[in-house]
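We just call them A, B, C and D in the order they show up, numbering each chain from 1.
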Amino acid sequence: MKRVLVTGFDPFDNEPVNAAWEVVKELGGLTTENAKVVVRQIPTVFGESISTLYTAIDEVNPDIVICVGQAGGRSAVSVERIGVNLSDARIPDNRGVSPVQEPIVPGGPDGYFSTLPVRAIVEAVREAGIPAEESWSAGTYVCNHLLYGLMHRLQDEIWSERGVLGGFIHIPFLPEQAVRHKNAPSLPADLVRQAIEIAVGVACPIEMR
Amino acid sequence: MKRVLVTGFDPFDNEPVNAAWEVVKELGGLTTENAKVVVRQIPTVFGESISTLYTAIDEVNPDIVICVGQAGGRSAVSVERIGVNLSDARIPDNRGVSPVQEPIVPGGPDGYFSTLPVRAIVEAVREAGIPAEESWSAGTYVCNHLLYGLMHRLQDEIWSERGVLGGFIHIPFLPEQAVRHKNAPSLPADLVRQAIEIAVGVACPIEMR
Amino acid sequence: MKRVLVTGFDPFDNEPVNAAWEVVKELGGLTTENAKVVVRQIPTVFGESISTLYTAIDEVNPDIVICVGQAGGRSAVSVERIGVNLSDARIPDNRGVSPVQEPIVPGGPDGYFSTLPVRAIVEAVREAGIPAEESWSAGTYVCNHLLYGLMHRLQDEIWSERGVLGGFIHIPFLPEQAVRHKNAPSLPADLVRQAIEIAVGVACPIEMR
Amino acid sequence: MKRVLVTGFDPFDNEPVNAAWEVVKELGGLTTENAKVVVRQIPTVFGESISTLYTAIDEVNPDIVICVGQAGGRSAVSVERIGVNLSDARIPDNRGVSPVQEPIVPGGPDGYFSTLPVRAIVEAVREAGIPAEESWSAGTYVCNHLLYGLMHRLQDEIWSERGVLGGFIHIPFLPEQAVRHKNAPSLPADLVRQAIEIAVGVACPIEMR
């Protein structure tokens, strides 16, 4: 039985909800044939998002970490391929901070690939009739910040020896959010939640003996 | 009790389903406080679509006619404002016919406004948390053809005297269709069906005595 | 020799320039084999735009009227097909007025087709290597207002007997405007001016004897 | 006086021209106050593109390398921030090869940042009235392949000790290409060429004594 940590951010940018947390919060306690899901909320704050994630990793001791974030304007579930070592904020975070072209880990590598089975997840989600795509940029806001921070941590011996996998999934606005954003695509929470469950299943395949 | 005729097209352009029919077919027999819905499928064929609609109107004798069509690429439920007197096909219809800049009713007026309460429908659908918008072009394919044909018919004395209202609603791809169209927005059938039900309700207000 | 009246709007919506006027102002006095161009600036104001146009028509006594407007967000020269009898402003006009769902000509027809050779213009502009498209909606702001007002006037006996033609062309932002609008497409003024000259030429064919 | 190597690709994907080469070919021999430009054409071929570039670097012995590629669908000059260690082709290259999720340099780092002054270039180009943006993904086709290959080479002691800088700039379709791509944004070659010249100038600042 694998332990899967799934995170979602709190609301930001004047939205009353964050699609990511709306989707993720219902997944807590989910048990599949091969996985048990634990969920945590992450603050949309540079720095604090990463420290909150690190605390959660220490507590949950997961085999897989999937961070989920809202990407208003996208029309499909976007499985990210890479986090980059730079933060650059178009709008302030939830503590009012707006880094400009700052490295996340000074001296760290320029990018870290997600270690989730990105393409397999995309294909499985699409097979279930839910729009999904690979994405090659998680932006330069808190989402990318968290992804880079996560992948940096998973390089540590304690996690890398155990082969802990991690990555990030961006999701569209919910329909009730899109109502306030002209022409913004959206997908309802239950459909996206199904996509995240599929991602968990693909990342935790049932081992045959 | 008002009779509402709701139509949806059959599949076209190599799609296995038409989002419009998937949404509409389940609405048959729906009874609200003030309306009873009858549904009909319309062929995606120039000419025949209009004659099929006229037959349905004669049979159903409706107070309201709402035609529904699929507009792949749109992200919201689009309530059309006007049908124009011209057909111009980018792809052949389901009988292989592709009119080029042909009037629908030779000598007819250039455009007919929908007589549905367009803005009220858009606002009510949005209030229910479903993305909706007014649209000022139903294109020049079979959807616009049917809308123009409908509004032309409703000018006839028999219908205009009774104040029969009509119009057209375009809907996005379903998620399972969007999977095959890169970056295409989508909304699930049950959410869009709820939007059409709201449109019916707004078009058939409960009269206070 | 035909007289062609070409109009462009003044700046609005906090833009320092209006792409339409930047393009049009240089066309004044242009003489082709078969046409002489007169240009006029039109205020971006409901009502006043139409009266300014009517005065210009009376003064210039044109054979052809081509109104040009800026459509930020479009990537091609858009030759409009229809003006509709409704004004609905997302932002106030240059006098601070924002009509809501108001008819332009109470009791007027729902729509008027442009009488320019729309498709021939689009094809000729494209042949010159300049992106162009037909458009089926000029919106519901001052541009559509002016187009509807123009086509309404050209129904008058004095103009219709002479076969005076008219229509509207929307153009993208200029590159220097797009700099301030994330992801907005643009085309430079000289290229768009060439497109308008081509439109003039197509609308005023040299008659063979 | 700095030597600047600027490259552009040959046509691909059934386009008669490649916007990048149309822009770049005229820059050969350009001499600014502080730089001399040498241009080279690069084949749109996995592997061969990189070897052609390496040969050019050896021959030209540049201080700065700027590779230019066409990104149909973008509306602005896009200065890329990162190349990633993966090739994945949606369409075959000009030798008919379509790699699927293949590393470019097996065992190489996941990503390499461009060492051009990306933000300064974007700002200078925009100041000149030409739409420009930073981009966080050069895709996974030959453009990214070349960018990653370039940055990998510039790690070599021979180049890194001298502080040779490099990076990649994506440009929109030319207007004459956009004519064949519905709704595709475009910018003319002379305007984009001016942007590349500005990039060269920003990357080769005049040193004050």
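Of note:
By our rule, contacts are C-beta pairs under 8 Å (C-beta built on N, C-alpha and C of every residue); 3 or more make two chains touch, one makes a residue touch a chain.
Bear in mind that the values here come from a model prediction, so they are computed numbers and not experimental data.
Considering the contact criterion stated above, no chain is in touch with chain A and with chain D alike.
In terms of the distance between Cα centroids, chain B is separated most widely from D. For this pair, chain B with chain D, the centres built from the Cα atoms lie 48 Å apart.
Chain B and chain C have centres, each the mean of its CA atoms, that are 31 Å apart.
We define each chain's centre as the mean of its Cα atoms; on that basis chain A and chain B are separated by 39 Å. In terms of inter-chain touching, the protein chains here make up one closed cycle, each touching precisely two others.
Across the interface of their complex, chain B is touched by residues 81-82, 84-86, 101, 109-113, 119, 136-137, 139-140 of chain C. By the touch rule above, chain A contacts chain B in their complex via residues 75-76, 126, 129-133, 175-176, 178-179, 182-188, 191.
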